[in-house]
Amino acid sequence: MVIELAAIPDVQSLPDTRNLSIDRVGIRDIRQPVRIQDRSAEEQHTVGTFGMYVQLAPDVKGTHMSRFVEVLEEHPGVYSLATFPELVREVASRLGAERCEVEMHFPYFMQKSAPVSGVTSTLDFEVTLATELDGDDIIEQLTVEVPVTSLCPCSKTISDYGAHNQRSHVTATVELVEPLWIDDLIALLEDKGSCQLYPILKRPDEKHVTELAYDNPKFVEDIARDVALAFNADERIGRYRVTVENFESIHNHSAFAEITGGMDDDDEADEASRPVETNGTNGAH
Amino acid sequence: MVIELAAIPDVQSLPDTRNLSIDRVGIRDIRQPVRIQDRSAEEQHTVGTFGMYVQLAPDVKGTHMSRFVEVLEEHPGVYSLATFPELVREVASRLGAERCEVEMHFPYFMQKSAPVSGVTSTLDFEVTLATELDGDDIIEQLTVEVPVTSLCPCSKTISDYGAHNQRSHVTATVELVEPLWIDDLIALLEDKGSCQLYPILKRPDEKHVTELAYDNPKFVEDIARDVALAFNADERIGRYRVTVENFESIHNHSAFAEITGGMDDDDEADEASRPVETNGTNGAH
Amino acid sequence: MVIELAAIPDVQSLPDTRNLSIDRVGIRDIRQPVRIQDRSAEEQHTVGTFGMYVQLAPDVKGTHMSRFVEVLEEHPGVYSLATFPELVREVASRLGAERCEVEMHFPYFMQKSAPVSGVTSTLDFEVTLATELDGDDIIEQLTVEVPVTSLCPCSKTISDYGAHNQRSHVTATVELVEPLWIDDLIALLEDKGSCQLYPILKRPDEKHVTELAYDNPKFVEDIARDVALAFNADERIGRYRVTVENFESIHNHSAFAEITGGMDDDDEADEASRPVETNGTNGAH
Amino acid sequence: MVIELAAIPDVQSLPDTRNLSIDRVGIRDIRQPVRIQDRSAEEQHTVGTFGMYVQLAPDVKGTHMSRFVEVLEEHPGVYSLATFPELVREVASRLGAERCEVEMHFPYFMQKSAPVSGVTSTLDFEVTLATELDGDDIIEQLTVEVPVTSLCPCSKTISDYGAHNQRSHVTATVELVEPLWIDDLIALLEDKGSCQLYPILKRPDEKHVTELAYDNPKFVEDIARDVALAFNADERIGRYRVTVENFESIHNHSAFAEITGGMDDDDEADEASRPVETNGTNGAH
């Protein structure tokens, strides 16, 4: 039996009389196997979780949600910062929208060599590519969450021996002015904690990272500032936000620092009167 | 043995030469038993999760994290939108900061009466109070996440019988121009889905909500627009963001819509060049 | 208009021909404000998340889910290990079941005094009361998750200075042979890490906990064994499971140890051929 | 500079005098890119999260955590139910243990064809392989979590039109007596809800699934029983546990059912006196 599509009403395309455009409408939390292209020669296989949104005109009742998924299914599945704008333009075109945003979140893996033994192992990072299209304008954002060790300068200074330390997350969202490898941004952040993390550490390595962290104490404030200094000096990076969260080993709460920067004078004015945003900085879930 | 505090170095107060102020530094994910004052005569006991942040001057190495907790411990523990600014001023004063933000997230409970039987039961909502102090300026935000039933207009129209429906989250963050009860904002949002939720539904109630949802189909777009229309007509509410997420019963992903509004013309300009933000709309965790 | 309940079919009570009893059927993830009675004189207000289940006979189609919520709504809302069996019997009675289980999970708060300054502050713990009724038999379980500091003995021994440390979760589930205060079980576990946690630590306190943890290094294995030794010597505790998870500060994964004990010889035999269980030990979510 | 490993003390290998064996010690929440071999000809790339544990003898202080990671790093990275026992034996051998457990959790993807249009799209499932080695005995478990639509028989029967429905999770853990494809277990569970899920549904498909679910109403009890019946008749499956959770569209809590089966008479006796377990059924986090 052939079912004629034309005979089934298209409810989404009905007119809407409320005269309110919708800033973002689409789908989220949809997962696909993906391949990521970055500096390293080979593509990396991982799993992407997508959010895909368009602006909806005030006179249309609804968007066509299945088309977002169709774009994903028809896509060859290889993603990079260089090609993400094409994906966003394809979504905008398919949905007939002027404004469009696509985000893809995924675990990303890098080989680490233990600092003394040189033993290699695979460390995981959370990465998000996000691109926003507004007419002809494209804004590309890269977010990486990098786990590091942080060791408390106060604890070290005031104690006769030892110093509390813990795992910390250094997270940066940067707008790209020029191309930037994911690997490079991760490496930049890893370098700013008291010490990097490694999945495998043999005993000489463990001795090394223990002493290195002790020799290199840092508050959340220190890590955030050192990242911001590096970003300010990096021509590839425009506006940015860096946050540092210490999962304190001596408390049951986190220490947190955040710096937003890279803005020109006009942007500073905008910041002062920024629109409502749900900060999401309180760990609520 | 008396330990003399003066003899222990205050590392946080050391000067910093990087000449970078920190936008927000403080603590997060700290929990306390709290009481919430709202419209109802009696206070409500619940558990608050706090984020507390100050701006740090460019010439100081670190903030004094323990003072944030001290403010919480010394506080009588009764919170409301009316008294939250006092808390923020106290934090700013104690930390010696010009700018300060405090967020408190908590489950909030309201009595619901089943629509036919009238049986009462207790429904839970996620609520966040957030106040930002900048010099003499105070911005107060209230966020509520309201679970509702949504029933798909397309599914209803094209099917001979039945219609897919699901639990949805309608979440609004509003800046308060005039006082607004948490209860009122929740009730406003509950009214905009296809049907409200109830912990207890007797059989006549279940018949009622089933038929009511079928009589009142709504896309995520419809719910977002109906909330925005109500906000635009409400003088207590300034700038706002409303999001609707359907945990689709026919897919393994969500449908999503978002409207940001309540801005004057200048704000619109800001929106166009808004600073970097981590949207957090992709379900990343 | 009066709707006559008798006129509405009771689908759940229909007969079922598949001849399969259901081990556990009910509701979960329902939240209510609750009060907890424990050793301290005053009741503690918090928020409980319940799971409530009964066994269903092979010849009945479904249980009556709304009755679980009714029991909660009619309950005075004050819970303790001593009174939890009454709640379970009430659920069993209302649902007409021989077997019944009720779990209540909640954040629980204790006052901590900083070790040197004596400054008090409020620390949060995750606690679960669970009671299983089978005919006339009652099994009462108490679970507490206690955050502590752990400091690595290997890192300390092999390094010239410093030692990596981190926040750890020590979690114990115990079957009660005699009454046991939540406070006592928490205190027992807190004592077995390298150092306890405190929300407020003044500088002399921070010096103290830093040095104490360094003087008291422990692997996950050490903490698990020290808890098991204490449990084996405690007549209030029957069968138990203790787990320790270190959120390693030098890795992006956890170290983990688990001991199950308190069983007599017959139980040991059971353990060898234990039924299928979803361990939930892999951090899956 | 050569650091001589022999000169660095091996703290883990020190003797322990507490005379307590540790049931499970190891690492968890470590992620790696993996390939899964199943029925389909091609391997599937995804991301695995591992838990790896051994039993520790009573006279040894600690296990060697880095060896677990070494086994993963040296592994070719292709996993299947058929080859998982080799991995577990390798872990046991490397750690010198008699008892060993390895779990790997991963998102798994299957192609779905929409029921009328035939459009294909990719649906994600949560899968866990878990193998336990005890001397020469091997127990292999496969867990799949399958999202489906469930439509309430009561709501349909008592209402003049419509019926509430929602996304549900059908989760089964099975012990394998004979080989079983992941694809087959998923397909078996998908078939037991009111309707399957699809990422892409064109309008004729949406009409089909809406009406199919309405024609096929099922309680959590019905789905659990239908799965259990299928398992009881399947010679590949030994002991099992099936759970069904409805994220109710008319409540803010879940309906839940669980059946444990496939046990012989001896096992039944074990079940009656099962050891303490942390059920994890209360949504605690």
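Order of writing sets the chain letters: A, B, C and D. Residues in each chain are counted from 1.
Note that a residue touches a chain if its C-beta (ideal position, glycine included) is under 8 Å from a C-beta of that chain, and two chains touch if they have at least 3 such contacts.
Because the structure is a prediction, the values reported are computed rather than measured.
Listing every chain that touches chain A and chain D alike gives B, C. The minimum number of touch steps linking chain B to chain C comes to 1. Interface comparison, B-D versus A-B: the higher count of C-beta contacts falls to A-B. Comparing A-D with the candidates B-C, A-C or C-D, the pair whose contacts agree for more than half of the residue-numbered pairs is B-C.
The chain with its C-alpha centre at the largest distance from the centre of chain D is B.
If each chain is reduced to the centroid of its CA atoms, chain A and chain B end up 23 Å from each other. Taking each chain's centre as the mean of its C-alpha atoms, chain B lies 35 Å from chain D. Residue positions 8, 30-31, 69, 124, 154, 158, 199, 201, 203, 207, 252-253 of chain D are each in touch with at least two other chains. Taken chain by chain, the contacts link every pair, so each chain touches all the others. Against chain A, the residues of chain B that register as touching in their complex are 8-9, 11-12, 16, 18, 20, 22-31, 49-51, 53, 56, 61-63, 65, 69, 101, 103-105, 126, 128, 130, 141, 143, 153-154, 157-158, 171, 173-175, 219-222, 224-226, 228-229, 239-241, 245, 252-260, 262-263, 266-267, 270-285.
Residues of chain A that touch chain C in their complex: 123-124, 147, 149, 151, 154-155, 158-167, 195, 197-199, 201, 203, 206-207, 209-211, 213-214, 247-253.
Considering their complex, residues 3, 5, 8, 10, 30-33, 44-47, 66, 69-70, 73, 107, 109, 116, 119-122, 124, 199-204, 207 of chain A touch chain D.
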